[in-house]
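Below, chain A partners chain B and then partners chain C, in two separate complexes.
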Partner chain A sequence: MKQRNEQLPPGIRGFLIRMGQIDRRWIYLAVAVAIAAPMLARLRFPEVPGRMAHATFDAIESIPPGSRVLIAYDFDPASAAELEPMANAVLHHCASKGHRIALMALWPLGKQLADDAVRDILLEYHPDKVEGVDYVQLGFKTGNEGVIKLMTTSIGEAYAADASGKPITKIPLLEGVRTIGDFQLIASISAGTPGAQQWVQYGDSAMPDAFKFVAGTTGVQSSQLLPYYPKQMEGMLIAIKGAAEYEMLVTEKYPVTRSADRLALGRERMGPQFVAHLLLIGLIVLGNVSMLAARGWKGAAR
Partner chain B sequence: MLQRTIPLLILSASGLVLILSYFSPITETWSEQVVSWFNILAGVAFVLGAGNLLAVNLEKISSKRPGWAYAAITLVSFGAMLVVGLSKWGSVPDAKYPNVHLAGSQDSTQAGYGWAYEYVLSPLTATMFALLAFYVASAAFRAFRAKNLEAILLLGTAFIILLVQIAAGAFLTNWIPEDSFFAFLRAESLKAIVTEVFQTAGMRAILIGIALGTAATSLRLILGIDRSALSKG
Partner chain C sequence: MSSEGMQQSGGAPKSDTRLWIALLIFGAVGIFAGKVWRPGPLAEAYVEVVTETRVLAEAVAPPAAQPALAAPSGSMGANAPLPGASTSEDSSPTRVWVESNDPRFQSGELRRVEGVAPEVWDERSRVDPKKAKEQIATLEGDAERLSEPTDPTGLTQEEFEAREAARITALKAVESTRIVASPRDSIGIWVAALLTLGIFSFLVRDNPFYKVVESILIGVSAAYWMLVAFWSTLVPDLFAKLAPDLVRATMLPGLVESEHPGKDFLLALIPLALGVMLLWRLAPRGAWIAVWPLAVVIGTFAGMRLTASIEADFMAQIAATMKPLVAFTPGSLEGVVDGSVSGAVDGVSYATSAQGFDLGGTLAGVLGVVGVITVLVYFFFSLEHKGLVGKTARVGVWFLMITFGAAFGFTVMGRITLLVGRFDFLFNDWLGLSP
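Here is the complex of A and B:
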């Protein structure tokens, strides 16, 4: 049987084969343009909130105003581009709903990211919130899953004081709080270990009906967490798309009038992702067409 | 005796207490104690880690091994952050104790530590992570070839995920009526099929395997059958 590549004119076949051996620096340049151009043009696309974004939104909406919420910043600046937008939206959502928020970090640099969020989101959009009453920054604690395990029996053993050194017994928000079971919802914005998986394994599993648990995660980590949804995790935001969808839901219900860009980071970053994904698809197609041109259909399937 | 038996006894006792704490409220407070010890040890591990970092890099510099200059940069950066952090250089005075230098805050960029975090560490780590996009694109172009059935399945899945993660997926498939027989071809349905059926099934199997393996290994360690953790290695 005649192979299909033999039907191609030699010029086209040669061109396709050469394209398959393109220097990687051209690919790097194409990626740089695909990311930079939509950023500069502030390209945005409409997002349709999916089931998981709705589930996360509903979990935070369903608890009564004034509930205690614990947000764990389990990531660092390396993943901030992907996770900061959803962390901002969760914080704004909880504050808008009137929940009392405790912030903590299992990653050393998570505390700084939580501080930034308090400054840029909490105090920017909710200047009436009072430290110690409406929110508290517990800070970073070393010990990974050990910290979570300890918090299931005694928060005071893990955090004797908040990040500013104030004993937690003197913080009104934490009055009567003994374990994480005294929070109505826990959200872990997680880039790896320790993170959402450990919160499920050591926190949620120790007291399954005590609190709702939602997570925000990077795209790479999502496959490890999907088995826990929706039983152990009521909601889950996956990567920048999850952040963009959730941002839409939050800002539709709780709009802000100034500096709104801080709550649109996810949607803004979907522009570069859109073009980069299309480029990636194009590159994969090109690579395969080139392979077919070089080997023919039969050769390719060997 | 000191090197093997006592550590083994500590290991077994800690493991047993943590297991029992799940089944009996009496041992719950014991578990708190053990976890507190673990957290203290984790803190000490930071110091050990720093010591190890110094030893490894100093050895690399002294023997002029390839890349020794990077080891020098690592040590200089480590030393600079340590000095700036511990001395609280440039920290913002505390409102309650303005005359106590060590009570000051290092969070703002006015402080050396805050400045280094904001303008050095944060952009550097973000840059490292961002470079992945370039490598992934190059690797996908060169390696993602439909050479056999497994590769074709992988390629098909990648195409679906790449498309449904952007607005193009919805744009291309939204014309399919939601109540039709072909509704499963809509972007959100395809994503749900891939992630919540195939991926979740595979991951659950892996997780159950890991859990069984962890339980078996833990029992071997607690019972002292596996003593590899105590070897000097």
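Here is the complex of A and C:
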């Protein structure tokens, strides 16, 4: 390194070239600082809800109170940082609106996350909700997209009983429910396969117009799902940004008086996101400037 | 790892030393400042303990009509019931431990099993440390207030007794709710924090700590998925159909009785046979047998996906691409009559009338159509990409690049959020720096 530095041209050009060769671990450290500092300082920025957040909000808002809503927790703890805020907000929104909520999971650990949400969100903000009447936990079912396909013909074939062992025929909330077409809205909080795409392919396509479908997705998955919006998906929340915008809409209309931080996770996580994005943009610019500065320098080929 | 530090041999490279020092200073200053700013113990965990008295009960109705006792398929795996749910099964399929005040005793669905003593169960659920401290303070205040006997001054005997009874009931309720520090959960937080730091340490360089954590992750993941597959698929979907009584006696005491056991048995033979054939590839001879079940799997999956993809990803996408090239806002159509309205797409009405021109909608429509056509031309390899075709394909490449850029941007956002989530855990759950 020392020998190479001696060959660098003097002045700002040399500095820029040297920045282009910086050990990537310093960049990792800079990213860590860019995320840690705003988190500890609790840096927050106002969110302006976008079209997709509004569409998701309106879809849930437009169905009458008492409608049956199916929320699929199609993710696990690996994606919880990104998806849990929007899942919490969707659950609170549906409960506040008075919808009857069925929870299910196509991912094994999704059931545990849904249990946490029932305890920390549903029963925390809506302690009057009764299991079996206002909400039901169907649990995890193995079979990926096969489960969705099965539920288009018979929910009972996929779920004979809820997660606590009660047959679905004895659950008031599911009285008269034969297929997913008997739900007014389905929301999939999805981290991959099986998830929102499979709900569109095997659920929405099999029963178009039978129910409204909205999805919350990870950033990675979103570009795969965007073509489905708005024809095959009424609403779509993309990554933490979508969660933050949707949280804004939900808490503005349905504010909570206690444990409000549980419905502000998305907005909290946008602060470090903003600073980290600025850093990354700066690094991309710096990398390109450094590349241009190195043009014609004999050491550039290394 | 491209630094010159990795190219050196013998002793810690200079660059590594600088990084370790920077990391240690960063970490130490951060923790010290955090603890000065928000003092409190590390990895603080609390649980709410609710003590319940449970009794062994049995169903009054015959087993086929005992829905309340039925445990779901796979209940020993991913579908463990919610805390407090009374589904703990005894060895007998018709018996279950339930809360002593279970409403099913009143409705006649259940009756107590005589000769079995009640048991005291503790249900534990994690409580947010901040909330736990508030609740502890509230409970202590309530207990202190309720421990004072009712002042009889000015009360009749009946009023005094009624208030005393209410006070004692409330005191018992307060005393039965316990929110306590949980060393077990604290240890769990410490383990999770150290494992997280172990994974992060790879960013500095490969090291034994990372190797250990990586091995733990792989081992635990493999074991977990094997168990999930066993309890969620093999037990309920195969074993339970082939030998329901055996499974009920040994694995799933609450297995619901099938209405068509014979049909289930015969149908379960098919996947059993295919599974055995699939495993045949491990045998020294006849590995070709494994090809047949593979063909069934691929054929079934292809057939299932084909119809779904044609409908959802082909026909519906083509329809969604047919957007109006000139868009009008819906409000602008008020008063437009006699066939001037041509239709509506995605909530945006379009019309032959020039009122309320929607620039954004028009641009989106044009861009969508141009993008689809140019990208399709780029992937059309039957013609050489020269002349008009070449230029169109070039535009298609730009569309593709912008799409990849947007996808990368979303990926960056997602990855940063995951890092924020981990930092959130380290700062709040482990270091206790949350306000």
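The definition used in the following text is that the second predicted complex is superposed on the first by the 286 of 302 C-alpha atoms of A that agree within 3 Å, B and C clash if a C-alpha of one lies under 4 Å from a C-alpha of the other, contacts with A are read in each partner's own complex, and residues count from 1 in each chain.
Heads up, the rule we're going with is that a residue touches a chain if its C-beta (ideal position, glycine included) is under 8 Å from a C-beta of that chain, and two chains touch if they have at least 3 such contacts.
All values derive from a computational prediction rather than experimental measurement.
**Q** Give one word, clash or fit, describing how chain B and chain C relate on chain A after superposing.
**A** On the superposed model, which is not a single observed complex, chain B and chain C clash.
**Q** What is the contact status of A:V200 with respect to chain B (first) and chain C (second): first, second, both, or neither?
**A** A:V200: touches chain C, not chain B.
**Q** Considering only touches as defined above, state whether A:I12 meets chain B (first), chain C (second), both or neither.
**A** Neither: A:I12 stays clear of chain B and chain C.
**Q** According to the stated criteria, A:V133 is in contact with first (chain B), second (chain C), both, or neither; which is it?
**A** After superposing on A, A:V133 lies clear of both chain B and chain C.
**Q** In the overlaid three-chain picture, which partner chain does A:A260 touch, first (chain B) or second (chain C), both, or neither?
**A** neither
**Q** I'd like to know which partner A:K166 touches here: chain B for first, chain C for second, both or neither.
**A** Touch status of A:K166: second partner only.
**Q** Kindly classify A:R269 by the partners it touches after superposition: chain B alone (first), chain C alone (second), both, or neither?
**A** Only chain C is touched by A:R269; chain B is not.
**Q** Contacts for A:S154 in the overlay, against chain B (first) and chain C (second): which applies, first, second, both or neither?
**A** Touch partner of A:S154: chain B, not chain C.
**Q** I'd like to know which partner A:M39 touches here: chain B for first, chain C for second, both or neither.
**A** second
**Q** Taking the superposition as given, does A:Y28 touch the first partner, chain B, the second, chain C, both, or neither?
**A** both
**Q** Which one hits chain B, of these parts of chain C: 1-9, 91-99 or 325-333?
**A** In the superposed model, chain C runs into chain B at 91-99.
**Q** Taking the contacts chain A makes with chain B in one complex and with chain C in the other, which residues are shared?
**A** Shared contact residues on chain A (touching chain B in one complex, chain C in the other): 24, 28, 31-32, 35, 78-81, 109, 112, 115, 142, 146, 149, 219, 222-223, 227, 239, 241, 273, 276-277, 280.
**Q** Under the definition above, what is the set of chain B residues touching chain A in their complex?
**A** 22, 28-29, 31-32, 35-36, 38-39, 42-43, 46, 107, 114, 117, 121-123, 125-126, 128-130, 133-134, 136-138, 140-142, 144-148, 155, 158-159, 162-163, 165-168, 170, 188, 191-192, 195-196, 199-200, 203-204, 207
**Q** Give every residue of chain A touching chain C within the complex, in rising order.
**A** 1, 23-26, 28-29, 31-33, 35-36, 39-40, 42, 78-82, 105, 108-109, 111-112, 115, 118-119, 137, 139-140, 142, 145-146, 149, 159-167, 169-170, 200-202, 204-205, 218-220, 222-223, 227-228, 230-232, 238-241, 259, 269, 272-273, 276-277, 280
**Q** Can you list the chain A residues touching chain B in their complex?
**A** Touch residues, chain A against chain B: 22, 24, 27-28, 30-32, 35, 45-48, 50-51, 76-81, 109, 112, 115, 141-144, 146-147, 149-150, 153-154, 157-158, 206, 219, 222-224, 226-227, 229, 239, 241, 270, 273-274, 276-281, 283-284, 286-288, 291, 300-302.
**Q** Inside the complex, what are the residues of chain C that reach chain A?
**A** These residues of chain C touch chain A: 1-5, 15, 19, 22-23, 26, 30, 34, 67-75, 77-83, 85, 87, 125, 128, 131, 203-204, 228-229, 232-233, 237, 254, 256, 304-305, 308-309, 311-313, 316-317, 319-320, 346-347, 403, 406-407, 410-424, 427, 433, 435.
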